[in-house]
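Once you've had a glance at the structure underneath, I'll fire off some questions.
Chain naming follows the written order as A, B, C, D, E and F, and within any one chain the residues start at number 1.
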Amino acid sequence: MRLAIPRETLPGENRVPIIPDIAKKLCRLGADVDVESGMGDSAGFSDQDYIDAGASIVTDRAALFGSADVLLRIHKPSHDEIALMKPGCIHISFLDPFNEHDLVTALKERGVTAISMEMIPRTTRSQKMDALSSQANLAGYVMVMKAASYLPRILPMMMTPAGTLKPANVFVIGAGVAGLQAIATAKRLGAKVTAFDTRPVVAEQVQSLGAKFLEIDLGETGETAGGYAKELTPEQVEMQRQAQKDVIAKSDVVITTAQVFGRKPPVLVTSDMIEGMATGSVIVDMAAETGGNVEGSVPGEVVNIAGVQLIGTGNWSSDVARDASQMYASNLFNLVEDNWDEEQKLFKVDFEDDILPGCIITHGGEVVHDTIKNLMAGGQ
Amino acid sequence: MQTLIQFAFVLSAALFIFGLKQLGSPATARRGNLISAIGMLIAIVAALMDQGIVDYRFILAGFVVGGVIGALAARMVAMTSMPEMVALFNGFGGMASLLVGMAALTPNAATFTLVTIVLSILIGGLTFTGSLIAYGKLSERIGSGAVMFVGQQFVNSLIVLGILGSAVMFCLQPDQAHWLYLVVGLSLVFGIMAVIPIGGADMPVVISLLNSYSGLAACAAGFAVDNNILIVAGSLVGASGIILTQIMCKAMNRSLANVLFSGFGSGKVETTEVEGEIKPISVDDAYYVLEAATNVAIIPGYGMAVAQAQHVVKELTELLEENGAEVNFGIHPVAGRMPGHMNVLLAEADVPYDQLLEMDDINPRMENVDVAIVIGANDVVNPAAREVESSPIYGMPVINVDSARTVFVLKRSMASGFAGIENPLFYKDNTRMLFGDAKESIGGLIREFGS
Amino acid sequence: MIPAEVFLTFILMLSIFLGFELINKVPATLHTPLMSGANAISGITVVGAVSLAGTGQQDLANWLGAAAVALASINVVGGYLVTDRMLAMFKKKEG
Amino acid sequence: MQTLIQFAFVLSAALFIFGLKQLGSPATARRGNLISAIGMLIAIVAALMDQGIVDYRFILAGFVVGGVIGALAARMVAMTSMPEMVALFNGFGGMASLLVGMAALTPNAATFTLVTIVLSILIGGLTFTGSLIAYGKLSERIGSGAVMFVGQQFVNSLIVLGILGSAVMFCLQPDQAHWLYLVVGLSLVFGIMAVIPIGGADMPVVISLLNSYSGLAACAAGFAVDNNILIVAGSLVGASGIILTQIMCKAMNRSLANVLFSGFGSGKVETTEVEGEIKPISVDDAYYVLEAATNVAIIPGYGMAVAQAQHVVKELTELLEENGAEVNFGIHPVAGRMPGHMNVLLAEADVPYDQLLEMDDINPRMENVDVAIVIGANDVVNPAAREVESSPIYGMPVINVDSARTVFVLKRSMASGFAGIENPLFYKDNTRMLFGDAKESIGGLIREFGS
Amino acid sequence: MIPAEVFLTFILMLSIFLGFELINKVPATLHTPLMSGANAISGITVVGAVSLAGTGQQDLANWLGAAAVALASINVVGGYLVTDRMLAMFKKKEG
Amino acid sequence: MRLAIPRETLPGENRVPIIPDIAKKLCRLGADVDVESGMGDSAGFSDQDYIDAGASIVTDRAALFGSADVLLRIHKPSHDEIALMKPGCIHISFLDPFNEHDLVTALKERGVTAISMEMIPRTTRSQKMDALSSQANLAGYVMVMKAASYLPRILPMMMTPAGTLKPANVFVIGAGVAGLQAIATAKRLGAKVTAFDTRPVVAEQVQSLGAKFLEIDLGETGETAGGYAKELTPEQVEMQRQAQKDVIAKSDVVITTAQVFGRKPPVLVTSDMIEGMATGSVIVDMAAETGGNVEGSVPGEVVNIAGVQLIGTGNWSSDVARDASQMYASNLFNLVEDNWDEEQKLFKVDFEDDILPGCIITHGGEVVHDTIKNLMAGGQ
């Protein structure tokens, strides 16, 4: 079976889908691994590293796509790329199937088996393949480091002969995987951290990192069976905004990671709240690219609003591309290995499996994922 | 001479006390036993000096027979059958008191002497048969379950009445030997009846109690033959035995009455889906196990984070290492609630990185681990992932703590973890549950190391 | 003169207190050896038996005494040895 | 009746024992004292039941006089003069034994009784005068220094010989009253001679020893008047008193012999430039002080970092807070070896920021602090910065721990800090040095809190 | 019969052991109250004095006995009260 | 007495010499405080903030210089500025008197009393005025944050479902004030930290932060009475280089802070050592601006040498300008307050003081600092 890893083309993306160590493991499974020339460059891996691992280097990108049985990638394919693929080819990557209906249609029509990395279920057993988690985790770290580098202050407290520097106040909205890691990193650096999340179970998790949980009574909230947050009603969002206002005004750094799986994130920090913050404060909006939690955030950019730096860079884990690539590659490998037929040496698409079916979007010319199918059929 | 003998007795009693004291601490216990044995030697030598003794043949014969049997039995018994051996010895001690009591009977004894004779016979007799039954149950020569039958209460009451009646009659008519034999017989029967309804699991408590009785029997025999050291040593054993019994009951979380009467050793396995029994352990006892361990693995989970126990865990690690043990941490990739959760905490507590082992590194070593301490982890050590095909986590690699010799699980309750599934680990033979907040439990262990 | 019983009650009372102080807080691991050690002490009956077995009268009492010596000796010798064997397992590491 | 009385005595002895046991732990001490007092009441009531008593007037008179004096004295004495009051009471107890001994003398007493009479007189007498001297020294009615003169040894030997001689003579010729008076007189003198050469600082040990003697005197008197409870209670007091004495000596790091003979209380101030005395404290004792504190300030310095004691410090803080104390950290700006050194460490150990007070915030509060714990800090708490104009750090603001009620300084030695200058703090009256690695010392304190 | 001295030696021996167990490891802060409490117990002489003071014979022994009662009462009453006052200072906070 | 605070003109300098809080304290001493308009901008303080503190705003820079009795500044003056000052005026700033002989001459000739902040002695009592320390301390923090943001990895260890990320190895050369804070910050973030310094007392200090000290036997080294390191012989420098080579090769981050007061810093990391490091590693050269410890470092820039990022930015504490300004301002204030004559309300230049004389370079038309005088007189 031929596994192909083309170079990522998204500007600013430094991560690579497969690192040499993992390429070696894939070869050991009995797969033929084709790597596009220069694929590893941005994360500091040379073609030679991949050759040493047992992969072949392919220079012709079109040929790579055309011959691949399985494509291992980070980002969704372009329409042009889909046209290059063999029917029956398995394409594994982030897909954003909730929004990319055209793409899903194109994949379906091409007869590609499209596996969406964001649809990996969040069970204990599937965590090793869960790329959303692995990347969000690094994002949590990176967001704090970014915030720290824009803040004209230091995060820790220091009592020195030249006076006492107060610890920076950091407020994290949304304490999922990224939020928790952001909390942990900011705590490590000595900041005073407060966090809020709508899912009630999170309070204990926040405290387990030594941070403070902001109690807001929003009435009925909760989480889905998959562990994601439920969407709030507009009234609840308003209540939350009001309750957070004071905390935000007193914060040096606000990091927002509040997301609702499959929907646009709620706007939780409005312009007037930003204006209430002190000059020099920093806001990091994790989801700026998909709409963001902060009013006025610009995807991919840092903007200055009334003296407050609002960071909407996005693609956070690409900042620590080497580690992020390692983790993403592991996720891919675990997914491949879990579905690998040892005898026939091929990736077996088994609809009886307890993980895989949930993340296959298209297969055999059909959209096989129920939620997506319904969504595309008309329901919002 | 007589006075010298008496003071030798004082000395030997002092040695007994000192020996018992030292027996109470692991560091000195063996020496304590020796000291107590020396006390016994002195007492015996002193007794042999007695001017009343004119013929040493019988004595010698008794010594040789008894000594050889005792020595051989003690040598040959398997380590695992020590407790029943103790029961047997204890029974012999009781029998000896019974015999001494009988032998002390002189035609024109005072009533007080008669009473003490009856007591020594009664207590000695029931100690003897009771111990034999305990021995039988422990060695599984007879069924170890609780034997109960209808009318048991009634029969027992009859026996007690019979004993009382014949004892009174004997005191009134000491020349009528049959009253005496009736007392002997009934007390032997009573010993049997008292112990059969108690289950095998409770035998240690019973033996301890019988041990205390055999002390009292010796005490009574002492009165009968007017011998001082018997009285003192007997009452000492009687008193400390009773207290030891009580302590053992407390360690088993039962009352003495419960053990003797209502409990009937019927076991207290809760009805759970999983087979086996939950065995809680106290901090004290956990300490003694840890103190003897040379290879310890610590498996932290989300509960360590909730308890914020990382600092005390680190301190415990240091103490274990000072004590000569090798300590490693086994970090399961999904432990906690965020990737790297355990790392953040353990780094905060300054645990050196090279003590942190990944799951794949610690699992092969697990068989050499004396004690695996699971601190607030649950799903990540759940053997159901290996064993129960129907489990939602079946197939996920977990840390195989159950291969360690002993597993301590520190959590607050029997509640399940994130995945919400039962954990058969808690019911395994080599698992002990140390219930309570992890920080407090570990704090307790640390304090034990200090004292 | 004060009767012996009074002294004996004192002795019993003191023994109980002392027993409590001595045995109090013994760890569970030592329960069995401790019990066994105390058990050996209860073989003190041998001392009483000795005088009965040594009368040289060869009557019933004498025979009973000899039997008592034998039984009590088992208790004493076996008890101390077993205890020692058990304790030998607790070999404490230095540290 | 007589038997009942005897058993009442047994009960009261049991209460004494129980009371003494409870006196040994701060939590139960007061109750223990009450229990022991009840025991005494029972004993007295039982004694009054004695058929030998025909006339209660003298007894009543004695009770009233003694009781009123005792009660008044106990009520009115200032808290600070308790120890000398104890000494005085003790002396009276000794005198009582002496009188009982004398009163017990009957014309045709057995030699054994005579010996016990002499003993009760001798011990009672020396307890009496010895206690009086101790009282005098403590209350500074007489010079508290050690009184020594040439030939002291010789005089003492003479007295001892005299006592022995006249005691023997008295036993041989009990009808010659002057031998008895000689014993009385000499024992009184001996009590004086034995105590005068001991310095005031060692008086507590002496009182404890005399207390033990007064128990023995009671015991001897018990033999003299053939009274059981006197013997038992007396020997109990004698025994526990001796042991208490020994423990006190150990706490003072001296041997008993050293206290009684060679030490002569000449003090042990080391020759240092700075005035005052270094007063080390043990972990045990530090614990008891901390346990009673409601306001604690911790002042960390470079030594805490070197010892890496931050985690245990945090744990101690938590224990103190659980115990109801308010705990704050006083952070001097230059503590440690880099700016913010303490912050890094304390944040690592998760000490909440609002417990960290700057120097200017903690100094005004220092007077309300019960215990200031200085952990491996030196320069930053050096009062020389305020007091010694010639000091290189004169004028630098420091944390004024010396205004706290008690200061514990945890360091390994008397070595100076970074600035290399002597620290007068260590010699202050309210300072106690807890020597040793800071981590270990605090670990010890934590363990004390657990046990 | 066993002579009383033997019993007494036993009692003394047991008392010493018991004393040791009881007093062992008492914190220094309690040394003074403990001493004072034991001191009060040593006023037990009052019990002996009572019988001497109650003979009603009005001889020297009687007077001595009465004086002994008085002195010992001081010891007892004062001792317990002082101890209690001292201990009242140790008021333990709950927690 | 008129204290004047002109705007700092050095490009990239965000710190300000006096913050409003301190301006208020100066006013309370009884001084007239003149602040150049816009002086606080770069650190986020407006003119209004200073006015509220009691200072006057002066727009005419020349007038400000001309009327000042005391000038409080961060950086050394230009020749033009010296020309504007009154004779007898007191000028307090960093001066670099070891190298700026022309400037010292100009100050002397103008009759200015020039106080050099770097000459504050390092005694326990003078620490509150020690701006070298206060700024170096922040530099330590900033250097680590900079290194982290250039490193394509995260610093802490993470054992995750997607594999284990090893902790980054950080090597700190020179563990003075800045080095120790760098160690502390890297440790906090979870890196594995090793450090080296030539002064033997430092080993314990490094360990007191939980880091490892690299033992190198260099023979006789030591420190001056002032607490600074002695210069090494060329042989010793060579020994040190060899011993550090392996550690550097294994490090993800190397931070060099090795300085010798008053001299050019030794070159401790050579090009071949840099080449021995893995692609993506980062070196921070604290003293790049004054020569640096690393071969090839460019003052004020980040250069890529064989895949290794070499950061020579400099002026580190300016990155956290707000905190840095607060500390520098406190140092200045403590210096002023310590020499303030309460009655006459003026800054008293007292040559009997135990701190001040050591840092006065010129006074009354003379170079009064012995070391500098000797240096300028000819001895290197």
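As a working rule, contacts are C-beta pairs under 8 Å (C-beta built on N, C-alpha and C of every residue); 3 or more make two chains touch, one makes a residue touch a chain.
Note that the coordinates shown come from a computational prediction; the quantities given were computed from them, not determined experimentally.
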| item | value |
| --- | --- |
| Both-way neighbours, i.e. chains that touch chain E and touch chain D | B, C |
| Between chain B and chain C, the fewest steps along chains that touch one another | 1 |
| Type of chain B:chain D copy interface by residue overlap (half), same or different | same |
| Maximum centroid distance from chain A, chain identifier (CA atoms) | E |
| Between the pairs A-B and B-E, the one where more C-beta pairs touch | A-B |
| Distance from chain E to chain A - Cα centre to Cα centre, in angstrom | 80 |
| Distance from the mean Cα position of chain F to that of chain B, given in whole angstrom | 69 |
| Geometric centre distance via CA averages, chain F-chain D, whole Å | 57 |
| Computed distance of Cα centres, chain E from chain C, in Å | 33 |
| Residues of chain E touching at least two other chains | 1-2, 7-8, 10-11, 14-15, 17-18, 21-22 |
| Interface hub residues of chain A, defined as touching at least two other chains | 127-128, 133-134, 137, 156, 158, 160-163, 165, 188, 190, 210 |
| Residue list for chain B, restricted to those that touch at least two other chains | 17, 21, 232, 308, 333-334, 339-340, 344, 347-348, 350 |
| Chains that touch, pairwise | A-B, A-D, A-F, B-C, B-D, B-E, B-F, C-D, C-E, D-E, D-F |
| Residues of chain E that touch chain C when the two form their complex | 1-2, 4, 7-8, 10-11, 14-15, 17-18, 21-22 |
| Chain B-facing residues of chain F, complex | 156-165, 167, 190, 192, 210 |
| Chain B residues touching chain F - in the complex, by the definition given at the top | 331-334, 339-340, 342-344, 347, 350, 353, 356, 358 |
| Chain B residues within the chain D interface of the complex | 308, 311-312, 314-315, 348-350, 443-444, 446-447, 450-451 |
| Sites on chain D touched by chain E in the complex | 16-17, 19-21, 23-27, 29-30, 32-34, 36-37, 39-40, 43-44, 46-48, 50, 52-56, 58-59, 61-63, 65-67, 69-71, 73-75, 77, 79, 82-83, 85-86, 89-90, 92-93, 95-97, 99-100, 102-105, 204, 207-208, 211-212, 214-215, 217-218, 221-222, 224-225, 227, 229-244, 247-248, 251, 282, 284-285, 287-289, 291-292, 294, 322-324 |
